[in-house]
Structures are given as C-alpha cells and as structure tokens.
Amino acid sequence: MAGKANSQRAFLEVSDLSVQFPTEDGIVRAVDGVSFAIERGKTLAIVGESGSGKSVTAQAVMGLINKRNADVSGEVFFDGEDLVAMPEEGLRKLRGNKMAMIFQDPMSSLHPFYRIGDQLTEAVNAHEKVSKASARDRAIEMLHKVGIPAPAKRFDDYPHQFSGGMRQRVMIAMALINSPSLLIADEPTTALDVTVQAQIIELISQLQREFDTAVILITHDLGIVADVADEVAVMYGARVVESGSVDDIFYHPQMPYTLGLLASIPRLNQVPGDRLDPIPGNPPSPLRLPTGCVFNPRCVYQDRVTGDVCQTQRPALEDVGAGHQVRCHLPATERQAVADLTLNLLGRPSR
Amino acid sequence: MGKANKGLRLAAVGAVAALALAACGGGSSSSTSGGGEPAKGGTLYYLTNAEQFDQIDPQRIYTGEDLAFFNGTIYRTLTAYKFSPDAAEGTSIVGDLATDTGTATNGGQTWEFTIRDGATFQDGSPVTCADVAYGTSRTFATDVITGGPTYAISMLDIPTLEDGSSAYKGPYTGEGQELFDKAVTCSADGKTITFNLSRPVPDFNYTVTLTAFAPVPKASDTGEKYGDAPVSSGPYKIESNKNGKGGKMVLVRNDKWDPASDDYRKAYPDTWQVDYGLDVKVIDQRLLASSGNDATALANGVEPEQLGVIFKSPTEVNPEFAGRAISELDPYVRYLAINVQKVPNLKIRQAIAVALDRDALRKNAGGDFAGDYADGVIKPNMGVDYAPSGMWETLLGEKVADAGNPELAKKLIAASGEAAPTITFDYPQSPTADKAAAIVVDSLGKAGITAKPNPIEPGQYYGVVFDPEKAHELINAGWGPDWPNASTIIPELFTPTGGFNLSQYDNADFNAAVETAKIEPDRAKQAKMWQDLNTKAMADVVVIPTRFGREQRLVGKQIGPVYLWPAYGSWPYAEMYAVQQ
Amino acid sequence: MVKVALIDGPDSLTGSEVASRSLRKIVWTRLRRDKLAMVCLFILIALYLIAIFAPVICGLLGVDPYSFDKESISDSGGGPVGTWGGISTEHPLGVEWGTGRDIFAQLLYGLRISLLIATTATILTVFFGTVLGIISGYAGGKTDAVIGRTMDLILAFPFLLIILAMSGVLTQRLTALGVPDGNPSRITYLIIVLSIFGWPYLARIVRGQVLSVREREFVEASIAMGASRYRILFKEILPNLWAPILVYATLTLPTYVGTEAALSFLGVGVLPPDTSFGGMLGNSVSYFSVVPSYLFIPGVVLVVLVVTFNLVGDAVRDALDPRAGRV
Amino acid sequence: MSAYVVRRVISMIILLLLLTLVVFILFSLLPADPARLTCGKGCTPEVLEANRHKLGFDLPVIQQYWEFMKGLFVGRIYAADSPSPVVCNAPCLGYSFKRGEEVLVLIKDRLPPTIWLALGAFFLWLAAGISLGIYAALRRGRWQDKTVMGISLAGYSLPSFFLGLMAIFFIVIRLQLLPYPSYVSPFENPIQFFQTMLLPWIVLAILYAAFYMRLTRNQMLEVLGDDYIRTARAKGLPERVVIRKHALRAGLTPIVTAAGLDLAGLLGGAIITESIFSLPGLGSLAVNSVNDADLPVIVGITLVTATFIIVANLIVDLLYAVIDPRVRLV
C-alpha cells in the first residue's frame, strides 16, 4: 500500500496509531500500532469483530478521542498535516468540513430535541459564514440528494418523525453537506433493515463518486466489503492483522483469523441447516491482550509453528505481495497451505 | 412544634387563672423598681411566643397575664387590684368602674356597686348598669361564650335545671331572661347594680375583678366573634390585631376615655404593641440586647440557659441586669394528680407519692430557680389560708426525703394487699417535660411501680386529661387561685363540681365540708377550714404536690416599673411606662 | 448481504470481560479496591456492633442512660457542673441538663434505636417496593393501574405532616393490636410509616426494570416453555433486579436515619426515659448557646453515621454500574 | 394536547377527592376531642355536645366529608341553628374555632413567608446545584469533580435541623453576624427580611443543591456519552456549543421534573426549616395545628400541599412536552 507518485504521503496515512484508556480496572489498549493509508475517491474497509478497536481507530482519526481520558500516539497524516499533533481548534475546523463521519445508530445519533433542518444548517454554519437562507437551501438540496422525499417540508421535522433508514440518510446529508474529502462511515448499516442497508451503501458510493471522497468503511459485514471496498484492513485485538486489496483478502487470505472470518460467511452453496463455522473461543479483552500474537489463544494452526513464538513474540507486519501485509508467525508456505485448504473446503466466496 | 419551640409559654402551666395573696412566703424579694421617671407617651412592646391571646372577649378571658393586660388597658371592671409589689397591698382591691369596693347586705348574699360618672365606652356612650349586667349575662350562653370563668352561673341566684345547668341560657336565646333580670338588677338612674347571690359570698367584690363581669354594650355584641372587635371602656382601644407568627396587636389611645373618671390606670404610653409568635430564644436575645424598640419591651419568661447570665442566684440579679429582672414566687402550685377512680387504694397512692423523686423533678425544672418544695395545693403566699400540711413529715407515716423513699414505698405496696401497680403518666410534651417523665418513670421504678410516660401535644393536653375515658392514673398539672381565697382552689380541684378535678375525687364528707367552708362568713374560721381540707386531701393523696413555682422575667432597659404584681403574678400593665430620657 | 454470525455480545470495551466473570465477584473486587468504602464499611460494622453491645459497653464504662446523677448538675438552674456539658472521667461526654443523665450512654442507646428503626424500615421498604413493583410491572393492566394510583396518592401526601399528626392515634391502634405499649408501639409506628412512604420510589424503579426484563428473550422463552408464574417472577426476573435494589437499599438506609432523627426532633420519637439522636438534638435547642456540646456531640455522630452509609452506598452503586458514579 | 390536559385534570381531581377522603378518615381517628378543646374549663356534657354540633363533629365521617366538599363550592355556615352562627364563604376550606378564623384565610396569611423561603432557596440551589454539577461533569475524575462530589455528599448527609441549628449557633450566637431570625414582610423592612431569610435560604439550598449537583453531573455525564453529542463534535462544532446547546438542553430536561416537584413540595411548607428559624409559614402553622389538634387547619394544609404537588406534576409533564419534542401527550 505505497503512497501515490505525486506525493510523499498518501491522502490519509495512519502509521503506528495507538490509543490507550487508563481505567480503574487497568489500561485498556483499544488500538495498538495500527497503520493504513487511503487515497481520494477510494474506499478502505476496516473489518473486525466488536471490540477489535476499529471504531476507536476511526474516532482517533477524527480527533474525537478525548485526550484527557486517553493516550493517543502515532501519526495520522491527513492531506499533509499530522492530526495527532494538531491542537483541538485545528481539528475542529477540519471536522465536519474536510472530514466527516457517520455513525452506527441513526436512532441515537441525531439530537432528539432539534429539528433536522437546524442540525444540518448548524453543520454549515460551524464552518462557513453563510446567510440563514442559503444554509437552508444547501441543507434542503443535500436532503434531496440523499433521497429524502419533500425535503423542504421535512426540514422542520424532528428526528423521531423519521424512520431509521431516513435518519441515516439525514446523517449522511449532514456529513456530506460541506463536501468533505474524507468520510468515515462507522458501521452505517448495522442498525438498519436489510433492504435499507443496500440503499444506504449505494447512496454512500454514489456520493463518493460525486465528491471524489475518500471513504473509510468500518464494518463487521464482509458482504458489504466485497461490494464496495478497494482496500481492506482486518483488525483483531486492537491490531491490524492483515491488510490488502479486496482481491488479496478474499482470494489470497494469509492470516488464520481472516480465514475464520471468511469461513463464517454464509454462502449460496451452503447446505441449508449446516452450521456456520465459528472461530472457537472469544475475542480477547483489551484490558489483557494476549502476549505474542493476539490471536494465538484461538488459532487452530499454531501447532504448525515451531516453538512458542506465537505465545511470546509479537508478529511483525510482513509484506506478502504488493500492498498485501499480514501479521502471522506461520511460515509463508504453511500460510498458503492453510489458506488453500480452507478456501477449497469453502469454495470460493461469491462476490 | 413539639420540641423546637417549647410551645406556648402561657400554656406551660395550664389554662388556669392566677392570683396570689399576701405574706412573704419563700423569702423572695428581689423585686426592684426600674430606674427613671415615667414618661408620658411612647410605645411599649409585649413580646410573646404565643401566636394569639387565648381569648380577647372579656367574658372568656381566664389567664392571669391576659386578665392583667386587658383589665389594665381596655376592660374596666367594677373593682380592681391595687398596684403594688407588696403582697398584701398588691392583692387588695379598690373601686374601678365602681366608686368603691361595693356594699354587701343580706349576710353577703346581696352585693351593690355604684358606677362612676364619666366612665364611657370607646364610642363615647356612658357605661351603665345595663352594660355590666349584659356583660355578666353573656357567661350564661355556655354554647357561645366558652372558656371563661363561670362564677356568675354558680353564684347568682338563678335556679338550676335537673341536669345541673342554669335555667338561664344567656342573652342570645333569651330563655330564662326574667330569672337573670331578677338576680341582677339596676337602679332607675342606671348607676347602681345589685347582684343577688344564691349563697353568701363574703368576697364577691373580689370576684367582680374578673373581666367576666366587665361591661359589654348589647348593641355591639357579635356573640362568638365579639373578641374580634371588642368595645373598650379603658384608656386604650384595639387598633389592629393580626394573630399568628409575625402578627401583632396594636392598642392606641381611646380618646373617649376620661382620666378624671379613672384614677386607677396611669395610661402612660401612647401605644401598646403585642408581637406574637416570637421564638423564645429570640425574645431572650432581644431583651438581653435591649436595643432600639426593645428597650421598652417586656416579656414573661426567661429560658433556662439564660438564667445564669441574668441572675447570680434565684434571689439576686447580676449587676448588669439590676432593675431589669425579677425572680419571684409565682401564683402556681405544680402537682401530679392521682386519678382516684383508677387508683382507689390509698396505700398505693401513698406509695406513689413516697417513691417520687421530687428533688430530681425540681432540679430538672431549674433547681431553686424553679421554686420550693410544695406540701399542698395552697401556697404560702396565699396568706391566711396556708398552713403546712405536714405531708412529707407525718401524713405518709414517716418523714419522706425530697428524693423519695423507695423502701418505704415498697412497704406501703406490700401493706396495700395489691401487687405493685402499673400506671401511666399523662403530661404535655416538651423537652423538659420529657425529662421530668423520665424521672417519674425511674423513681417509681425503684419502688417496683411500673410507670409509662404518655406525652400529649401541649395544645391537646387538657382536652385529653379532662376526658375521664382518656385520662390515666397520674396526671401532670398546675393551678393558681382566681383570687386570694382558697375557695378558688380546694373546691375547684377536689370536688366533682369543680372545674379542675383531674383526680376525679368525690368524697361525700369532703364535699359537705367544702360547702360549709364556702359560705363561712368569718374569714379566719374559713381559712382554718381550707387548711384542714388541704391537709385532708394530702392525707388522701389526691394529688402529689411537687413545687411552689417561682418565675423569672426580664425587660428592656427603659421600661418600668419592674415588679411582679402579686394580684395576677403578672406585670402591672396599667401603670407601666417608658422611662423618661 | 449477510452478517458474520460469530460476532456477538455488547460492543463495549469491557463487555466481553464482564461476561466472563460473575457479576457478584466483580462487584466485590471493585468494592475491595475502594479503600474509602472499605474503611466506611468497617466503621459501619463497628457502629452496628457498638449498637448491639451498647449495654455491655456502658456497663464496662460504668455509665447508663437512665440513672440520674444529681451531683453532676447545679441546684441553681439545673445546668451541668463543669465545662463542656460536664465532661469528666465519670461522664466521658458530659451529662444532660436538669437530670445529670450520661450523654455517652444516651448516645449509644440512641444509636441502637436509630439503627433498629432505619434498618428494619429499609428491609420492609425493599420488600414491599420489590414485591409491589414486580407485581405492578409484570401483571400490568388493572393491577398496575391500582398500584400506580396508590403510589401517586402516597407521593402526593405531605408525609412529614401526616406522620406528625397521626403518630398519637396510630401508636394507640398498634397498642390495641397487641404491640406492647410504649416504645415498641412507637418504634413500630415509625418503621411502618417510613416504609409506607418509602416503598413507592423503589416500586417505580423495580417496575421499570421488570418491564424491560420482561421483554428479554429468556423470559419469553420461559413463558413459551410453560414455566409457572412464580418461577418466572422469582427465578427469572428477580435475579435481574438485585443490582438496583441493592443500590436503593444502601442509599435509603441513611435517608431513614436522617428522617427518624428529624421526626424525633419534632417530637415523634421514642418515649422517655429512652432518647435518640433527634431527641437529643431537640433538647439541645434550649441550651446550646450555653452548652454547645449538646448540639455537636449527637449532631456529629449522626452526620458520621449518615456519611459512612452514603459512602458505602455510593461505592456499591459504582461497583455495580461504574458508568453512573464517581470515576 | 387539550384532550390530554382535560383528562389529566379530571384524574387530578379524582386523586384530590380520594386524598381528602383519606385525610378525613385518618383524622377522624385522632384521640383529642376537638369539641372539648374549644370547650374550656367549666365544661359540661351539654356544652360539649353543643360544641361538637357546632363544629360538625357529631356527623358521621362521610357526612362530614360531604359537608366539607359542599363548603368548598357553596360555602358553609357553622352552627346555623345557634344564636351566633359562623359563616365561612366559598371556597370554604373549613373554620378553625381554635383560632377563630377561616382556614383559607389562615393559609393565605401564612403562605407569603413559605413562598419567599421556597423561591429564594429554589433559585440558590438551582444556580449552585446545576452550575457545580456541570462543572464537575466537565472535570470528571479530576480533583474539581471530587471536591464537588464531596460537597454534595456532605450536603445530603447533613440533617436539615442540624445544619440549621449549627448556622444559628455559629453565625448568630457566636459570630453575631446576623441577628436572631425574626420574620417581617420584605415590603415592610427589606433589610430585616433579608437578614432573617438568608440563613434559611442557604440551609435549604445546601440540602437541595447537594442533590442537584449529583443529578446534574450524572445527567451531564450520561448525555455527554450520548451518540448525538459525538455527532455534534464530528460536525466540528466548538466545544462550548456542544456543551451549551446540545448537552445542556438534553441533560437538564429531567432536572426540570425534579425541580418542579421539589418546589411544589416546599410550597407546602418546610416544616423543619420554618420551625428552626421561626418563620411564620405554612410548615409552622401545620406543626402548631398538630400540637393544638386543630383538625380543620391540618386538613386544609394537607389538601393545599397535596394540590400543589399534584398540579406541579401536571405542569411538569406539560413543560416536558414543550421541552422534549418526542414526548407526545396522549
């Protein structure tokens, strides 16, 4: 995943990002040395289970982590500026303007006491001095773009008067109203009906094309990833354990955890009633991440590794192809063997 | 409120009127006159914890302090007590509305008073015999005029019905009016009033000092509500009255009052102001500081915590407060009534009396500030009617220490033929009374008697203990005479027709002796009879006398005269003044 | 589009951890780590022990709350002899004005009564609040409405005034019902009225919890399997309620200690010769400008009692729900 | 909405009716015979009976209740068949023979000090409670937060009467910064009024502020963790707008409920505070009436207080609907 030619750095380049929360029960390592990069107009999917640190990563990029309660280290270069080192006021000016975010639960992400119109124009006014009327026009136009019927009328409605899908459209309108160059969508469809999910994803893609936006899509739904992502980063236990292009991840997975994820996708060729193959065990607590490879307690292939390096040594991120990186102690040959075995068993996933 | 404000100070003793007679009992004489000459004018302030006067209607007033206050300011009576700190002089009477102290004929069964010229009501109309007669007649309307003394009913020559009530039902119904008109008659010129009594009352001219015999103009009588706007015959009239905390009563000069017709009242100040509902601590603090208006303020009590500040001893005032404070025997006797219906066995009653730690009770009340040990219900300052009853020396078989004698009590119980009793002690609740109850419980307990305290909200107290079904065995009480004759004590406390017979005592011999004593014209003989009856009641342990009360008072720096008026055990309101500057 | 089925559980940082340990153990671990709470818990246990063994302690010190010491008070006015309310070796905290009774002993016996009333009333409140809350939430419909209206009615009453006004008559009724005369009746009265005016608050909380728990799958599953109503109420629903109930109970106890003291202060307390904190404070009013220790000794003990209870209550709540409380 | 209000008012009236009935039944059990209390010394059985009749206590409880309710609407004449009847005009809350005054008049007289006390304390505690609560929430976990929470703990652990007595002891007796409290109307003597009210205001405000600090802080913490606050931050709103506009609006809504009900409760009289500072309010009237067994006054105060609370409930619910657009009144 190297930078593009015309610049030293990628449009957004995150390197060695760590976020730690000191709590009464100990230090929570929510993000531990995460790196990735993304260019304008492209979509990066961050995939992982709950608690794997993907949401915290996104919020850290947006500067939404309260530095009073957390230690954030590493670098986040956004259009040439380091967001980690940037003072709050600078971040604020970027947020909602050059970079925007939409959240998982549209039911609770809109302020229940304010009309949606006010919430939209507020986003405009936070960054630009515009007249009330033109802010309103822009909001209505944006509502129209995200597919809200009769936007001028609904401008004065309260959030509770909208359905979940419509609210997520409002959220998207709010995020895109200042034409950001980076959009982070944190599980934007998880809380929605299946039929609405597709519409929302389609809407995001469509607007991404229109505004040439870089999109980070955070999800645990590999199905979406296959549809819209250009690049994929798989997170587990606060770390990126594998990253690469969609093809790399879906067709040449290297890491046993990625394999497990793929294996748990229901497939068209699956015999009805067959159980999915879950990965045994539970995700690790961010309070007590396992030493060595974070996945080792659940990894069924660690007997293929000689010695106890899985338990003792943290695997380094290893390049296994152009822009394809993986953290695993399995020797390259073993990795390939394991992957082939799994994929053959499963059949190739449908895209 | 139960514990924080100690309830009405007035109610502490009970709804009893008071007057005390002669003789220098108890050896107290710290009375001093306030320094300075009287000034005409100014305002005198009367600070009180009470939220209102119990009654303002003249026929319904029956509390010593209130009688003194209203008699001194707005209600003239036929006769009145002289102003003097001297116990004898201060309880002797002079003519007020009447020209003299009245004339008795028919062996004391007919009394005649002549009304002064120039006495008027606040509207300028003259006070006539008819007004006095009308005022007196109101007492008979017992369904409207409640709470006042009922001597008119018991003394006037009007027949009683079978149920014991008077055949005259008062002026409102007019039933039996002719009977009253026969008992109280007016001369043709309206100047002379004659009372025909049902029995000889040698001291009836003392009876008419009560405002129950004050004149009321018929046209102004509003019955139940007369107290809201009573008509003044004295030097002041009520300008405004607002009851309750923060409320006040303002008395201003009655310009129709003619000083020439009234040589009894001095009427120095222009205004009297009564401030209701003040916290007792606030009253003390204000009088101690005596700044501003408080320099001419008075009140009628001091909290125990301030006693040490104001007094060196119960008979000596600290120099700082010289001329401003008094500590005197008051007219009251404190006692515990034993309900003889519920404790019929004399030995048991004796055992209770013997076991009681009167020393601790007195200490709890304030030690020697609270008064002397009592040996009966007649107090030494009653003069001729008092004689030591020997209660604690001989009446109980042997000398009983002030702290009680549990061993003797146990012997008495053993001799009673009954088991040690379980009794309940009724008392009006206050923090001090709670501690007194603890003393009662503890000291009786030492003799094996189980006592249970029964605190009653002060305002409900007499309502409960006068109800024979609700009163228990031992009842806290206090009593002061209505005028200097034990006829206002013994019959009231110990006969079924008395108004304060908490003991439910009903002894035929005793009742007969009381009736004889009541009509005995020879005062010395009568006094001996009261002394004997007092001793008899003590021998029967109808009550356990605990204390001849003493009280302490403080006034501001510029008010006088400062002495306890023996007549009512009150301030001498009618001659009080602001000190000339 | 499909979801990855293996992903489950709340999306919170500690969620998976919490799930893996028993809640009770976590709460206890958290409590033990809270030093202040442990100190308070220790103080509370000590206070309960002192209350229980008050007669023994007084006996050892040679004081008792009932006997009069006429030597220790002045015959003029009845005030205590000596400074600070007559503090001496004989009377470690001084003596009462007018009687010479020992303040220290009164304090210990007052503590006994305070704790007895507050603890019992809390237990009753929790019992009624829980039972009626569960019934109200689970039964719904008319039962719910009746209980709801009753709660409204009770909460609309000026309860202090009612307790004051009714104390005499209701105490007598209790005696008539066979509760021993005197203090047993009065204490019972206080316990009952505190519980009567206290349960609706808890019942509301419990009702709300029941409504949300009822909707959860495991209860539905039980119903589907034909479990008895009793089983559903007490085996399935009750265990989910103990956290809010425990929090409510620990915070109610100190409230009752305070309310009991206020009522005694207003004169609705135990009968003489017994006394309680509120009674002692009420007595102090007449004397505290001269003897301030009458105000401060019972006042400070009362405050310490309430503060320690509150601190323990806070700690329990924090342990149960770390988001809500202190950090 | 109007249908809702009508329904609420109806249920409110039913609740009040029920309440009066309960109050009547409760108080009919009281031991002291009110007739005897107004009868005085020299009381005879027939006078007693006449008094009982005059006061209406010879009627069965239910009928007394009926008379009372009737009096509320059409007024009432006591002792109509006696020579001096007492007229109590509608709305008649009863007549206190003990005090010789209509209960409504008594209550009206005593209301001003109670209202002053309640309002003064109300503003003090809201100002202190809410601002310190917000401050603590924003400084969560730091020493400022811990200090505020410590103050709060101390505040709600202090019994009101102890706090009040200490205030009097230190401020009035020892330091003599203020005179002994002695209530006057603010229109009569504003300086003495403030001198008198200052301590009771502060004492009451401390007790309530302690609770509001906690409530506000916890509300704010909860709201600050809500998704829409994160949304507001993600929009790039300045932090002060996030706090003032978004967090406060949502966080303070439940406080409106609590504040409304607490104020209503206080308007019924702060019994202990009024007693300690000898304020002539409803609370001290209530206590005195309890001591005097002045039933008509007790019943009157109970009803007035309960009405305050019930009406406040309604107002708070209506207010809630205004503040929170999600709440629909049905």
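Should a chain be cited, it is by its letter among A, B, C and D, assigned in written order, with residues numbered from 1 in that chain.
FYI, a contact is a pair of C-beta atoms (placed from the backbone, for glycine too) under 8 Å apart; a residue touches a chain by one contact, two chains touch by 3 or more.
Owing to the predicted nature of the structure, the values given are computational and were not obtained by experimental measurement.
Distances between chain centres, each the mean of the C-alpha atoms, put B farthest from subunit A. Between C-D and A-D, more C-beta contact pairs are found at C-D.
Put simply, the chain closest to the centre of the protein, by Cα centroids, is D.
As a whole-number value, the distance joining the C-alpha centres of subunit C and subunit D reads 24 Å.
Centre to centre, using the average C-alpha position, subunit A and subunit D are separated by 54 Å.
Rounded to whole angstrom, the centroid-to-centroid distance between subunit B and subunit D, based on C-alpha atoms, equals 40 Å.
One inter-chain figure worth recording: subunit A and subunit C are separated by 50 Å, centre to centre, where each centre is the mean of the chain's CA atoms. Touching two or more other chains at once are residues 31-32, 141, 161, 271, 275, 287, 290 of subunit D.
Touching two or more other chains at once are residues 164, 168, 265-266, 285, 288-289, 327 of subunit C. Put simply, subunit D touches subunit C in their complex at residues 15, 18-19, 22, 26-27, 29-32, 140-141, 145-146, 149, 153-154, 156-162, 165-166, 169, 173, 218, 221-222, 225, 265, 268-269, 271-272, 275, 286-287, 290, 298, 301-302, 305-306, 309-310.
Put simply, subunit B touches subunit D in their complex at residues 1-2, 4-5, 7, 15-16, 51-52, 60, 62, 141-144, 146-150, 153, 163-165, 170, 172-173, 222-225, 227-228, 242-247, 277-279, 281-282, 285-286, 456-460, 462-464, 466-467, 470, 499-500. Taken together, the subunit C residues at the contact with subunit B in this complex read 66-68, 70, 73-79, 96-101, 164, 168, 181-182, 265-268, 271-273, 275, 279, 282-283, 285-291. Against subunit D, in their complex, subunit A makes its touches with residues 59, 62, 64, 69, 88, 92-97, 100-101, 103, 105, 108-113, 122-123, 126-127, 158, 160, 171, 174-175.
Considering their complex, residues 149, 152-153, 155-158, 160-162, 164-166, 168-170, 172-173, 254, 258, 261-262, 265-266, 278, 281, 284-285, 288-289, 292, 295, 299, 302-303, 306-307, 310-311, 314, 323-327 of subunit C touch subunit D.
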